[in-house]
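There are two complexes below, and they share subunit A, which is joined by subunit B in the first and by subunit C in the second.
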Partner chain A sequence: MALMRYAEALNAALREEMARDPNVFLFGEDIATYGGVFKVTKGLLEEFGAARVRDTPISEQTLAAMAVSAAMTGTRPVLEIMYADFMPLVLDALINQASVYEYIWAGQVQMPFVLRTQGGGGAGAGAQHSKSLDALIAHIPGLKVVAPANPADAKGLLKAAIRDAQPVVFLEHKLLYNMRDEVPDGDYVVEIGKARCVREGGDVSLFATSRMVVECLKAAELLAAEGVSAEVIDLRSLRPLDLNAIKRSVAKTHHAVVVNEGWRFCGYAAELSATIMDHAFDELDAPVQRVAMPDMAVPYSEPLEMAVLPNAQKIAAAARKALA
Partner chain B sequence: MLIDICVPASGGEYMDAVVVVQWCVATGQPVKAGQTLVVVETAKTSIDIDAPAGGVMGDILVREGTEAPIGGVLARLMAEEGGVAALSSPATSEAVDAGAAATGAAAAGAAAAAAAPAHAAAPAAAESASAQSAGKTARADAPDPADATAASAPAAGRQAVSPAARKAARERGLDLTGVKASSPTGRIKLRDLPPARAASQPDSGLYLQRRGGGLGDPIVFIHGFGGDTVSWTPLLAFLNADRPAVLLDLPSHGRSARRKVQSVQDLADCVAATLHAQGLDKVHLVGHSLGGAVAMLVAADGSIDVRSLALLAPAGLGRDVNGGFIRGFAQAADVLALTPWLRMLVADTGLIDDTIAALAMEARADPALRQAQQDMAEALFAGASTLPHDLRDVLMSLDMPRKIIWGELDRIIPWRHALGLDGASALHLLPGVGHVPQFEAAQRVADLIDELVRSAS
Partner chain C sequence: MSNLPSLELRLEMHRRMILTRRLEESLGELHKAGKTRGPIHRCDGQEAIGIGATAALTRTDCVTSTHRGHAHYIGKGLEPRRIMAEIMGRETGYCRGRAGHMLVADATRGLIGGNAIVGASIPAATGMALSFQIQGRKDVAMCFFGDGAAQTGICHESMNIAALWKLPVVFMLEHNHYGLTAHHSAQSSIEDLSVRGAGYGIPSVMVDGNDVLAVYQAAAQAVERARAGGGPTLIEAKTYRVEGFSTSDMGGYQDAQEIARWRERDPIRVSFEQLKKEAGEARLLEIDRQATEDIRHAVDTALSDPYPEFEVFAGSLAYSEVC
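So, the complex of A and B:
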């Protein structure tokens, strides 16, 4: 075990995979010389050289198409899109190329690339640099979408994503990069598609990914002070979804709160809610409660931003409503 | 064959009684199957009750303009052979037996005790198998009560139940009628269901209580259908306190686990196994009503050394048992519905006052318990082969001292079932007493048991 920041854990994963497999290379805006705006790729240019760590122009649409082409020809590119807010620029490559080529070419090509990006609010970055577009990405069949909530998963899931034969969108969170926690030593790989029970409880299940897991844990503390035992499930992977973990927890607590930092309408929380209804309806003792971002732009003003983002208080309130 | 014409439970959840509006047939008139016999009225609608079989109209028991409870017997029909039958509500195609419960008041005397339940069911049941095979089962148009609730109570609105609570109720056989929602949403949730008593320990044997001193072999008391250990409270006040007493709850009764049983023999096996596990291998047995049938089988089994056998109004010695009783009692979900059945248990109906009725209902407040007992009644008495009317040979094969104690005014199981035996069992017929002699004549019954036990010690 080593104590690492989330960004350092990602850096370690990239370094280890690049050392392990010469086909792995990185490209993106400001990732080489500058080491990435969040310092995830720091030191890699020096270690692996300019051929495997490449700076690019601001040209997301082209970058995604490059990743697709590079993956088709046998390499394992890791592309960084600096802000998830600009994922719409790469959607065509994801929807019309990456996710369908294996099907169109009857399995003759594979698409082993990773698209790293980061989203989320809370940093005063304004409406164009604070969004969570989980639903937009997770909507696409043929992609895998993961969103680690702690340094250990950041490392283990990124290593798994790089080794995966399918395209993987890797969602990081700007407020998590400085989170420091234990990370297992050695070749630590976390299987994609497996949720993790972060805190056991018997009264209500809180489902989330990424930074919302942290808020769920705080909510569980608030609830514990009221005598309510909340279970927190970190889904880790938005797609594929760990159905068994969801069913198991709902069958145990009979109350579910689904949390996602993205917009509420047609959002990822709505998908989770519908999934629970599909697979665990008879276990529900109350309607599933959704906690999500209101359908509006993320405000730049700090008090306003704090007021609209999902947080522990809102999650606890939703749990109380489910349990009423 | 005599068929009871009963009030069906088809009027929806708020109906607990009907008013007889009009009799369409007079006593002595011939009747065809399906012919309307009587029109009754609920708060919402009027219902025609049709003849379940052809035959001749017998006694009319409830006059026009008079109120009758759900499950209450309105009249009797003498059905022609092969005609056949079936009573009204769902839990009813079967017959038999009665039990009683009584709750002792902790305070002063046993006089404050409360009597409770018991049951008996239809004689028609014995033949109902043939009826069903003939495809002529007339159910008096009584739908499943749950359906009736959903369909016929729009004014009150549909009771919202969470999926998990609905599933749990289904699995545990709970009737959610009357269950109150604690949530501000008005939705019944899991926490509103009665606790699943003993459900977690299904094989732990029967609930058992030890009383009294250490003088001699213990007396084991087995209650009747719908009763429990509390039934014996009034009697225990008169028994010799030096003598050890053991009270037990049959499966799906009192504090024993709910358990599916297929026959009276299953009940006897449970009792014998429990006694054996508790080291009670040499005992005196006292059984009331269904408990009497169980006691006979335990005595005949041989694994327990039964020193003497006292049977109080036992089931198992004949088949014509009060028909409308078992369903009415087992289904009664509130005091109002239960009271008429409690009164039927005793000769002096004044003994059943509001306090006693309330206590008796409290003991049956758990809908899951009531449902389990209805299921048991169905399992035990649904088919002719399992009807406990054939224990006469069993009784006559026994050789321990035994007494049969019966109320002359028993309206559940007639005392005449005790006739025609081999003369080896003493028959004590108590005047002015109904189906629960240990309640109505506690002193007398205690003396008789004491006498029997001493003679066998």
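So, the complex of A and C:
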């Protein structure tokens, strides 16, 4: 085990996979000379050279389309899109290109690329640099979508994503990059599609990904002080979803709160809620409670931003409502 | 004439143009008979570009195509019978009937593939060229796109990146003067789009898109430059779409005299005139007869081929795991 920051864990994953496979290459805005605006790619240009670590023009739409076609022709591109808010620019590449070819071309091509991006609020970055667009991305068939909540998963899931034969969208969170925690030594790979029980509990299940897992853990502390035992499940992968982990936890607690930092309407939390209805309705003692971002732009001013972001207090309140 | 290809190659390009034309004509008839599904985008009058440009490629070079790609398919060596089967939605088609006429791919021949999002062929080829460069492969990527696609943002982005990184890509612009129903003059203030190449530092040439030999020679030079590490080339081939946008086109926006003028310069006729002295008219007519028969046979076979059975898609992602 080694203590690592989330950003360092991602960096280690990239370094190890580039050393392991010469067909892995990185490209994106400000990732080479500067090492990435969040320093995830720091030092990799020096280590692997300019052919495999490339600064790019500001051309997200084309870069994403290039990742798709480069992956179809023998390489494993890892593209960094600086903010998740820029993902609307790459949607054609994901929706009309990457997601269709495996099926319509009857298995003639594989597309082993990773699109890394980071989203989320809380840093005062304003309405165009603070969003979580999880639902928009997870809606697309043919992609895997993962969102690690800690350094160990950041490393293990990124290594798995790079090795995956399918396109993987890798969602990081700007407020997690400095989180420091233990990361297992060696070739640590975390299977995509497996949730993780972060905290066991018997009264209510809290389901989340990314930074919302941290808020769920704080909520579980608040609830524990009130004598409520909350279980926290880090889904880790938004697609494919670990259905068994969800069913198992609901069968144990009979109460569920689903949390996502993105918009509430047609949001990822709504998908989780519907999934629980589909598969564990008989286990529920109360309606599923949703915690999400209100359907509005992320405000800039700190008190305004804090008022709209999902947090531990809102999650605890939702749990109390489920248990009422 | 510089880099004049062998007579055999010139005759083969002539044959492939005729194959393409007969395929398009057959599709027109099948559409009238109600036997096609969805819109079909014929390339009548533009065959010289797809056939001439692909003749400069090897089997492992890659092509990204458009919604109007039948000449690209035939040029890249796909069999008319399996192209036709794909268009008719049959199991024997290149994509087992899943793709249809706009999206055909045959990865074994480097056609990856048709693309019905206007402009999307451009970054696709650029990405393949990046992949070849990183792997140290000597292959070249060629994208076909039209004057309509030349107005997209991704065209600009791709050309900038390709020049910046000296990627082995050939930008093959089929300037057929129409983006769906809108004339080129309603889409750009300049007539010759190849002038844009200078703005990216990309060598650019303009050729007669109805002269298969001229297209071949420009493409061969561009391919050679790309393969040698000299980066991209933009080739603007001027041509004209003599049939409508698609089989669902109601018409009424193209000038009849303009169409007639371009029909005079039919690329197959141009090629015939170029070859008749050297090859003899009898040989050219025999090529036409054989190609016509080959397409008739391809159509008949495709029409009697089986439809695919629907099966739940078992891709490597269990897409519907939560349904």
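We adopt the following convention: the second predicted complex is superposed on the first by the 324 of 324 C-alpha atoms of A that agree within 3 Å, B and C clash if a C-alpha of one lies under 4 Å from a C-alpha of the other, contacts with A are read in each partner's own complex, and residues count from 1 in each chain.
Heads up, the rule we're going with is that contacts are C-beta pairs under 8 Å (C-beta built on N, C-alpha and C of every residue); 3 or more make two chains touch, one makes a residue touch a chain.
Everything numeric here is computed off the predicted structure, so don't read it as measured data.
*Asks:* With the two structures overlaid on subunit A, would subunit B and subunit C clash, or do they fit side by side?
*Replies:* By the criteria stated at the top, subunit C and subunit B fit after superposition, with no clash.
*Asks:* For A:229, decide between first (touching subunit B), second (touching subunit C), both and neither.
*Replies:* After superposing on A, A:229 lies clear of both subunit B and subunit C.
*Asks:* Could you say whether A:96 touches subunit B, subunit C, both of them, or neither, answering first, second, both or neither?
*Replies:* In the superposition, A:96 contacts subunit C only.
*Asks:* Go through the superposed model and pick first if A:59 touches only subunit B, second if only subunit C, both, or neither.
*Replies:* Once the two structures are laid over each other on A, A:59 reaches subunit C alone.
*Asks:* Figure out whether A:324 sits in contact with subunit B (first) or subunit C (second), or with both, or with neither.
*Replies:* Touch partner of A:324: subunit B, not subunit C.
*Asks:* Please indicate which partner A:283 is in contact with in the superposed arrangement: first for subunit B, second for subunit C, both, or neither.
*Replies:* In the superposition, A:283 touches subunit B alone.
*Asks:* Between subunit B and subunit C, which makes contact with more of the residues in subunit A?
*Replies:* Of subunit B and subunit C, the partner in contact with more residues of subunit A is C.
*Asks:* When the two structures are overlaid on chain A, which partner does A:108 contact: first (subunit B), second (subunit C), both, or neither?
*Replies:* Second partner only.
*Asks:* What is the angle, as a multiple of 10 degrees, that the CA centres of subunit B and subunit C span when seen from the CA centre of subunit A?
*Replies:* Reported to the nearest 10, the angle reads 120 degrees.
*Asks:* On the combined arrangement from the superposition, state the nearest Cα-Cα distance between subunit B and subunit C in Å.
*Replies:* 20
*Asks:* For subunit A, give the residues common to its interface with subunit B and its interface with subunit C.
*Replies:* Comparing the two interfaces on subunit A, one with subunit B and one with subunit C, no residues are shared.
*Asks:* Subunit B touches which residues of subunit A in the complex?
*Replies:* 254, 281-286, 324
*Asks:* In their shared complex, at which residues does subunit B touch subunit A?
*Replies:* My answer: residues 162-167, 183-185, 187, 189-191.
*Asks:* Hey, which residues of subunit A end up touching subunit C in the complex?
*Replies:* On the subunit A side, the touching residues are 23, 25, 51-52, 54, 56-57, 59, 61-63, 65-75, 77, 92-93, 96-97, 101-109, 141-144, 165-166, 240-241, 243, 271, 275, 278-279.
*Asks:* Per the contact definition, I'd like the list of subunit C residues that touch subunit A in the complex.
*Replies:* Within the complex, subunit C touches subunit A at residues 62, 64, 95-96, 98-99, 103, 105-108, 112-113, 115, 117, 120, 122-128, 130-135, 137, 153-154, 157-158, 160-161, 164-165, 313, 315-319, 321-323.
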